[in-house]
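Okay, structure first, notes after.
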Amino acid sequence: MGQASIGLVSRTDSAEALNIANTILRYLHEKGVKWCVEKETANVLKLHEKAVPLNEMDADVIVVIGGDGTLLRAFKNIPKASRPILGIRVGRSGFLSDIMPENALQAIEEVLKGNYQVEVRARLRVTVNDKVTDALNEALITSSRPAKVIGVKVLTDNTLIFEGWLDGVIFATTTGATGYALSANGPVVDPDLDVIVMVPINPLNLSLRPFVISINKRLSLKLVEPSPPANIIVDGYSFLNVGVKETVNIFKSPQPATFLRLHAYRRDFYEKLREIRMRMT
Amino acid sequence: MGQASIGLVSRTDSAEALNIANTILRYLHEKGVKWCVEKETANVLKLHEKAVPLNEMDADVIVVIGGDGTLLRAFKNIPKASRPILGIRVGRSGFLSDIMPENALQAIEEVLKGNYQVEVRARLRVTVNDKVTDALNEALITSSRPAKVIGVKVLTDNTLIFEGWLDGVIFATTTGATGYALSANGPVVDPDLDVIVMVPINPLNLSLRPFVISINKRLSLKLVEPSPPANIIVDGYSFLNVGVKETVNIFKSPQPATFLRLHAYRRDFYEKLREIRMRMT
Amino acid sequence: MGQASIGLVSRTDSAEALNIANTILRYLHEKGVKWCVEKETANVLKLHEKAVPLNEMDADVIVVIGGDGTLLRAFKNIPKASRPILGIRVGRSGFLSDIMPENALQAIEEVLKGNYQVEVRARLRVTVNDKVTDALNEALITSSRPAKVIGVKVLTDNTLIFEGWLDGVIFATTTGATGYALSANGPVVDPDLDVIVMVPINPLNLSLRPFVISINKRLSLKLVEPSPPANIIVDGYSFLNVGVKETVNIFKSPQPATFLRLHAYRRDFYEKLREIRMRMT
Amino acid sequence: MGQASIGLVSRTDSAEALNIANTILRYLHEKGVKWCVEKETANVLKLHEKAVPLNEMDADVIVVIGGDGTLLRAFKNIPKASRPILGIRVGRSGFLSDIMPENALQAIEEVLKGNYQVEVRARLRVTVNDKVTDALNEALITSSRPAKVIGVKVLTDNTLIFEGWLDGVIFATTTGATGYALSANGPVVDPDLDVIVMVPINPLNLSLRPFVISINKRLSLKLVEPSPPANIIVDGYSFLNVGVKETVNIFKSPQPATFLRLHAYRRDFYEKLREIRMRMT
């Protein structure tokens, strides 16, 4: 791609993340690489002349400095013809980012040389009427009233998968299976599989279990009378509210997420999983 | 007690419940028994001259017609020197009420003859600063922001029981163990035991399990930085919000709940449990 | 296939199954269809001249009358170039058989007319040294000593998936995910997916969860010192014992199972699942 | 008690344990304390003249060097008028022993001075016909045939608690709740409570949950037709086999276990629990 141009996004509430950002930008400047910075990050770094809103960033590679939360937020806002992302991990939870802070500069160097692989991860498209969004980790449909269960039906085509009263339902991608779905008793899913993990949360029906479903199925969820309305939360952010007349559709998004992976810094999935399983708080 | 006076509360959204209420009141009138009706119920039944607010009801026995929700609401509002309650079950969930609609009149007759036992069930007192309430089923401390975990520490005296990040924590009585706590993977607790069932909901720490603790222990819960604020929900109703500076105290209430039990209509606990476990939605 | 020839196997401890067998055989005889009977079944039905050992049965279609246990046993013994099976359900558990006894004759009629689909279900090959077997539902590796945990490592290629001390590990197919794996807290798997469900049973490590893995991965399990020896149980039957020096290999079998499915009697997967989830004993 | 006499039992497969044993015995000898050694331990230490079978040991205090397994074995064999036990922890699992190896001598010194508390822990008595044993951790009733479920009914007095088909049932004391029962999804139980934790293992009925029952209830378990026979395993050791005609009774033993606790070395229960929850294999 000639020499790649770089866009940069960082957590703005972490001195460590901002330091790494500065170091990288200085390096890019010295090397004469074309770069720009996401607006909010640029504000904090006082680089106003380089500021670009995330959804207009026209860089070949986007570098995200932060934890999984920062990465999920970046993916929400990157324009549709989505750019590959390189994650540099600063923060407690970093399943999506393989690069540790101490390797940040070498990683950028490898990327500029073109020494990387592109990894494509499926996202779930969530639609309600004409509203559309994509989930990299999960969509959560949850009661809008604390401690009041919602009543739901989940179907694929015209087949009922289950019906029940519960706190909520998680629809996770393979990528998201190690996140909220795992805390809610979902299984671990090997990254080579492309599936939907559907987890009923605290169901009245004690015999309900998590479901693993082909990502090629189209799922729909409806609330049943007299359910209170529900919130849809996508990758941790509120998407919209639905009532008993509406249908939530969930299916494989035509726009997957793409990550840059560097051979030298690749961390094994099951190794990262053991880290998660070790955390005590 | 001479002849007992009767106070009556009913669901107002169920024709069946209101019918039973009318039948009972006609019977009490014919027998010359002293009675009064809770205000909202009285409104719907057009018995304004008999209306008394629940918290001023000075009857010897209070008859509650409805499901567990109606009963829990009644207990919230009954004055402190609490009256014994007779539950008549109308509705889906009726763990707390043994009397089925078809036996309502005979049950009232037995009560007037004094043929009953009194069953005392412990409640949990929940205090924050100078705010106080009692839980018959459970107190739930839950994140005030959907899909954002809270960080909590739970202690007894100065001993840490656990610390973790999670969706919420349930503190259930033995009575409440068959309710929300059971859906959240808590154990079944024999009604002869008096305990606190503490259930961490969807913890990041995958090795956390439900806890069963003596009801004589005083528990306290604190949020830890940088936790978002939490809501406290008691028996399904919002109690108040807490932030990281406040302490929630949970301990055995000096004011238990008292139920009237009639030998002839007594339903076995494990039989009722099998009913719950059979429900498919 | 011209007119199909039929082989028949039945439970021999159920009068209902044997009655159905007789009815079917009389029908085949009247229609002039070529048929034979598995040896043990033939003994009980006193049809010695038609008896053929299961592993020599050269019929186009094999009809199995019984529950899942009978079917699993039939599949164990059918010769390698495996024949399609039509299951007729007699018994409590019948996830694998769609045909109810009252439809048995019509089903046979449809089969003879060629009105059926063939459904192919993956099996797992289990090898230890030069010993080989195939699992339609699951392979269980379990301690040979009651109440003594075994220590295991599970790898794929050279990657460690997990290591732990536990009662056993289940490796289930998609087909078997509704069986033992489900009781041991495994997820429900949509029949359109082809996966391995691996469930650690009662692990000392409380943070272990069930795993869902692509069926194209080759898994291996080794016992670690000082583990007691383990039994390998395949589809409910003892396969062999292993010690700490041996390796158990698990991967997709080149010989899948094939079922005949009849459009008219097809039962929906999620409907059958709800039946399982309703059972109270 | 004047000066206490000491009996000593040690793991014989651990050089560390045997070293500690020697150090303690040398110390007791120097101090002129009366002591004896359990027979198998004495054999290994070549102290034949001091050897006494465990069930004839007439010492005031019994010192057990090893992990929970060694302690459980000691308790099985100590005579009925049971002596208090001081556990010195050598080995991976040591919930029952508070004393670490480096504190062994000081602990003995405190005991000789009488500076200790006695802690009484309930045991469960298990009887079948005229056979009797006591469980400090748990009694497990499990299928005698690998991968074949047993059918059981559990009753208290004449009330059915549950009926089901499953791999087994654990009846744990409060002490044992952190052991096998916890791995099988049982709750954590505060040591101040005296209960029976009953855990159904891998039940066909997916809505079964662990039970917590007053230790004052008398439980009985019967196998139901056509169940295979079951093994009863008590504290990890085979007790006996039962068939469908027999009844297993479980209730609070009149002979509790007694532990010596030293204030200075006391480890908090929830702290020890966190250690267990940290273990990764």
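Each chain gets a letter, A, B, C and D, in the order it is written, and its residues are counted from 1.
We take it that contacts are C-beta pairs under 8 Å (C-beta built on N, C-alpha and C of every residue); 3 or more make two chains touch, one makes a residue touch a chain.
Quantities reported herein were computed from a predicted structural model and do not represent experimental measurements.
In terms of the stated touch criterion, the partners common to subunit C and subunit D are A, B, listed by label.
With chains reduced to the mean position of their C-alpha atoms, the one farthest from subunit A is D. The mean-CA centres of subunit A and subunit C are about 38 angstrom from one another, to the nearest whole unit. Our note on geometry: subunit B versus subunit C, Cα centroid distance of 48 Å, whole angstroms.
Residue positions 182, 185, 205-207, 209, 274, 277-278, 280 of subunit C each touch two or more of the other chains. In the complex of the two chains, the subunit B residues touching subunit C come out as 205-207, 209, 274, 277-278, 280. Contact residues on subunit D toward subunit C in their complex (touch as defined above): 140, 142, 146-148, 151, 163-167, 180, 182-185, 201-207, 231, 233, 236, 238, 276-277, 279-281. In the complex of the two chains, the subunit B residues touching subunit D come out as 159-162, 182, 185-190, 192-193, 195, 197, 205, 207-214, 216-217, 268, 270-271, 274, 277-278.
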